[in-house]
Amino acid sequence: MFDIFIFWITLSLNYVLLATGLTLTVSVMRVVNLAHGNFYMAGAYAFLVFSERAGLPYGLALLLSVLLVGALGMLVEAKLYRRLGGRIEPSIICMSGMLLVLEGLAVLLFGPDIRGLPAMLKGTTTIGGTVVSMERLSVAALALVVIAGLFCFLKYSRLGRSIRATAQDREAASLMGVNVNLISSLSMGIGTAMAVIAGIQITAVYHLSPYVGISALCTSILIITMGGMGSIVGAFIAAFIIGLSDSFGASFIGRYHHLLSFGTVMIILLFKPTGLLGTTVEAKGKG
Amino acid sequence: MDVKEGHVFLEIRNMKVGYGAVEVLKGISLQVEKGKVVCLLGANGAGKSTALRALSGLVPLTSGEVLFDGQRIDGLQPHHIVRKGVIHVPEERRLFPEMGVQENLEMGAYLVKGHGKVKESLEEVLTIFPRLKQKLKQQAGTLSGGEQQMAAIGRALMSRPRLLVMDEPTLGLSPLLCETVMESIVQIKQRGTSLLLSEQNSELALDVSDEGYIMRLGEIVLHGTSQQLATDDGVRKAYLGM
Amino acid sequence: MALIEITNLGKSFGGNRAVDGIDIELQPGEIVGLVGPNGAGKSTIFNLITGFLRPNSGTIKFKGDNITGLRPDQIAKKGIGRTFQITLLFHGQTVLESMLAGHVREERTGFWQALLNTGAYRQERAQAFEKSVDTLQFMGLTEWKDTLVNVLPCGLQRFLGIAQVIMSPVEILLLDEPLTGLNEEEISMLLGKLKQLRSQGISILLIEHHMKAVMSFCDRIVVINFGQKIAEGTPERISTNPTVIEAYLGCKRGTRVS
Amino acid sequence: MHIARINSAGKVLLAIVLLGLLAFALGFLPNRWQQICIMWAIWSTVGMSWLVILRVGEFSVGQAGFLCIGGYSAAVLMLKFNCPFWLALIVSAATCAFVALVVGVIILRLKGLYFLVISLVFAEIVRLTIAASDYLGASEGLFGIPIPNNLWFIKFSTKQGWLYLFIFILALAGFTFRRMEKSRIGRIYSYIGASPDLAQSFGIYYMKYRVQAFVISAFFTGLVGAAMGVYLGAVGPEGYTFYYSLIAQIVAILGGVGSIVLGPLLGSALYTVFDEYLVYVPGARSLIMGGLLLTVIFFLPEGLVSVRRKFLNKFPRGFPRKFI
C-alpha cells in the first residue's frame, strides 16, 4: 500500500514535469506540440547513449541529453514552426511530421526492441518500517527539485517573467521590449527539456521503446486538458489525479483505468469546457 | 539627452499602411518636437490606431519612413524600437491579466538594468499614480478600467521612455477618470518626456497638448497648435460630419 | 406592437459592465441608428440581440415573443438578419456559392434528398440559385458572382454581407458599421439599396460612425456611452444635444470636477 | 459553378461502365500489385472520411479509433455470433456511427485544439481499453476470422475478391462524398468550416452538422475498418496505433485537402507505393512519411492536387478554415 503511495507520488511528479513542459509550449505557441511525447522518447535514448555507450556518470548524461534535445526543440520552433505563421493546421501537420521523423530515427538507430534504462540510485531503504526502492525515491526527489526550480524560474526571474508575459499577451510583451520570437524558442526548448527529464525517469521505472512517445503524449494531453490549457497549477493538480488512476487504478480498478481517466476528463470537459483552471488559449486567440 | 527643445524628435514621412487591398493610411506625415505633447485626433476608424501601431513596429508599413531622433526606425521589430526609447501604451491597456500590478510594472522595466533603477522608477510611478499603491499585489485582470489605464501608463513609464505613445488613453473611462489620466499626462510632460497620443476626446486632448493633427479616413486633414484647433470648426466637422 | 423591444438589457465581462440597463424599442418599418464612441457597447448589444452573447439581465422581445437566450440560429430563423463589424466571409467560396448560405434556412429537403439529388431537392436548388441571381442583381454584384469572396474588393464584401442576409425573408436587419471602408459613391449606393429594402417593409437597426449618413438616413437615433443610453430622438434633436456632443468631443478639463 | 450544369444520364452511365471495367481489370494484376491496390482503396476511403471532418473545420487525429472499433465489431460478430459477413460489415459501420454520435455530441462542443487532442486521446483509449478486455482477446487480439462466402464471381479466398470489395467501398464512399460536396450538405459544411458565426447568423445550427459530418466520417471509416479486419483475418490492439490516424492525415494532405475525392486518391497512391517498398526496413517508414509531411507542408502546402490546379490556373482553395 505504502509502496503504491510512493509510486503514485513518483509518477505524478514526473507527469507534472511532462505536462508542464507541454503547457509551456502550448501557451506560447498556441498549438499542441504533437511531437512532445517523442521528444520525451528521444531524450531517453539520448540518455541511453550518453550513459551506457559513452559511459558518462548519471548526472552528466542527464544534463547532456537535456541540453541536446532541448536545443533540438528550440531549433524545431525557430526553423520549422515559426515559418508557418501560427496557423493551426499546418503547425499540427508539421508537428506530426516531426513525431514520425523522431520515431523513425529511433527505430533505425536503436531498433524496435524494449530496453531498460539505468537508475540513478539502486538498492532500497526503509521509511517507517517499509522497504522503499531508492530508485523511486531518487526519481521523485529529482522531479521535485526540477519542478521547484522551474516554478521559481518562471515566478521570480526576469526571463521567466517575460515567458509568462509572452504567453498572456504576445503583442504587449513585444511592446515591453521582449524579443518574443526568442522567448518562443526558449519556451519550446524548456518545455522539451522538461519532457526529456520526465522521459529519462519514467522510462527507467517502466521501459523504453521507440513507441512510448504516444502514450506519454496522451497522458500529457489528458493532464493539460483536465487542468486547463496554459495553466501550470491546473496541470499540477491534474497530474496527480491522472497519476492516481495510473498507479492505484491498475491494482484497484483493474485494467480499465485508462477508460477511467478518459471518462473523468470527458466529464470535466462536459461541465467546464476549458478544464479545471483553464483561462483557455482558445478564448484569448479568438478575442 | 543634450538635445535642445524644438528639435524634431519623431518624424513620420508619408506613411502608408494597408491590409490586403484596403489602404488604411493614405500617406500621413507628422512631427513631434522634443518635450512637446502632440495629439492625433479623429473619429473612430480614422486610422489613428493604425498609425501608432505602424510607428511602433506592430504593423508593417507599405511605404514611407519613420525617423526617431534622426534614425530610421521603420521596419525594425517592436522590441528594437522599444530599445530606442519609444514606448507604446496600446489601446485597451493590454496589461498581463494574470500578473499582479507590481509584476506588470516590473515587466515595463524589462530592459532596465539594475535593481536600484527599477525601484526608483517604481517609486516615481507610484507618486504619479498613488492609487496603485494599495493595488500592487492585485491581479491586473481584476482592476477597474481606470486603474488598468493607470497601470498601463505606469508600466510604460517604468522604462523611462524618451517618447511615450499612447493610444486612446481615455477609452471607456468615465469623465472624472479621463481627467485623472490627463493630469498624469501633464505630469509626465513636466518630467521632460515627449508624448504622442491619439484621442477621441478632443476637448480634453487639446487642453493638455501643444499641437494637434486631425485625421479623417486615413489622411491628416488639419494640423495646428492646440489653441488654434480648439477654436476651429474643422474639428467638429471631422468628428461629427456636420 | 413593437418589432423589437429591449428592456433593461445588461451584460458584464469580468467586472466591466459593457451594457448597463439599456431599453430600446423598434417599430415596424423604422430605421434606427445606434451611435456612440468606441467601446460604448454597441456591438455587444447586437451580439445580445442575435444570441451570440447571453445577457446577464433584461429581456429581448421580438414581435411580443421573448427571444432572450435563444441560440443565434434560432433567432436568425425568426427573421432577424445581421451583419458583422469585421466582415466575416466564407473563405474559399465564390460569391454565388456563399450567397446560397443565406437561403439554407428556407430549404425543406433533407440530407437524403440532397444526397440522392431528388427532384424536390433539384427544384429547391434551382429556386435558391434563381433567388441568389436576383439578389446579386439587386445589390449590383452580378458581374462578381464567380469571384472568390476573399479577393472581392473590401467595399463589395460589405454589399455581399447584406445580400446574403436578404436571401431569406427578414423583418429586421441589424447592420454593424456597414459603411466602414466604403467610398462616398459606394455609401450613397448602399444607402439607396437600404432605402429600397425599407420600402419593402424591412426595418433596420444600424451601428455607424459615419455621422453624416446616420443623420440623413435614420428616423431615430439612440446614443450609447459607457453601456448606457444617454440620448434618444430624431437626428435634428440629437445633433444639438449637448450630452451627445460631449460624449463625442469630450469636455474641457476642470469643467466637470465633482 | 456546378449548379447550372446537369450531367446527362448517358455520360454518368458511360463513366460508371468505364470505371467498372478498369476496376475489373485491376483484378488481373500480379498479386503484389493487387495488394497495393487494396491498400490504396482502403487508405483513400479513410483519407476521404478524414476530410469530411476537416470540412466542418475540425482536425481529427482519431481515425484509428474508428478503424479499431469497426475491425473489432466485425471480428466479434463473425467469430462469436456467427454473423454473416455482409451483416457484420453493416452492423460494424453502424456501431462506429453510433459511437461517433455519442462521443461527438460531447467533444464537438470543444473547438480547435481541444477537439484535436481529445480525438487523439479517444483513439488511444479505445485501443488500450480493448487491449485490457479478455473477451476481446486482450493484447493478443482476435484471430481466425472466417473467410466470407463467395459472392457471385467474387471469391474472398483470393486477393482479387477483396480488391473488388474494397474498390466497391471506395466507390461508394467516393460517390457519397462527391455528391455531398456538390450538394447543399457539402456547402453547409464548408460554411461552418469557414466561419461558424456567419453560418449561425444565417440560421444554420452548426452543432447538428458538425455531429453529422463526424458520424458520416465514422461510418465509412468503420466500414473500411470492418472489411480490413476480416480481410486480414485477425485484429489486435497493436494494429490500431496512432500511426493509423496519421495515415488518414498523410494521404489527404499529400493529395491536397482542397479536393475531397481526388486528393485522397492521389495521396493514397503515393503513400501505398512508398509503404509497400519501405515496410521491410524498420523505422524507415515513419522517417520517410514524416519527412514527406514536412516537405509537403513547407513546399507544396496545397498538396499534389495543386500541381494540377496550377496547370489549370485556378485559385487553390487552401485550408477551409481561418483559425486565428
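Read from first to last, the chains carry the letters A, B, C and D; within each, the first residue is number 1.
Just so it is clear, a residue touches a chain if its C-beta (ideal position, glycine included) is under 8 Å from a C-beta of that chain, and two chains touch if they have at least 3 such contacts.
Please read these numbers as outputs of a predicted model, since none were measured by experiment.
Here the chain-to-chain distance from subunit A to subunit D, counted in touching steps, is 1. Per-chain Cα centroids separate subunit A from subunit C by 47 Å.
The distance from the centre of subunit A to the centre of subunit B, with each centre set as the mean of the Cα atoms, comes to 41 Å. Centre-to-centre, using mean CA coordinates, subunit B is 33 Å away from subunit C.
For subunit B, no residue reaches two or more other chains under the stated contact definition. Multi-chain contact residues of subunit C, defined as those touching 2 or more other chains: none present.
In subunit A, no residue touches at least two other chains. Because contacts link each chain to exactly two others and close back on themselves, their graph is best described as a ring. Contacting chain pairs in the structure are A-B, A-D, B-C, C-D.
Residues of subunit A that touch subunit D in their complex: 26, 30-32, 34, 80, 83-84, 86-90, 92-94, 96-109, 111-112, 210-211, 214-215, 217-218, 221-222, 225, 229, 254-256, 258-259, 261-262, 265-266, 269-270, 273, 281-282, 285-286. On the side of subunit B, the complex with subunit A involves touching residues 56-58, 77-79, 82-83, 87-88, 90, 94-99, 103, 106-108, 110-111, 155, 159. Across the complex, subunit B is touched by residues 158, 161-162, 164-165, 168-169, 171-180, 279 of subunit A.
Of all residues in subunit C, those touching subunit B in their complex are 14-16, 37-40, 153-154, 177, 180-181, 209-213, 215, 226, 239, 245, 248-254, 256-258.
For subunit B in complex with subunit C, the residues that touch the partner chain are 20-22, 43-45, 92, 141-142, 144-145, 168, 170-172, 174-176, 178-179, 182, 199-205, 207-208, 235-236, 239-242.
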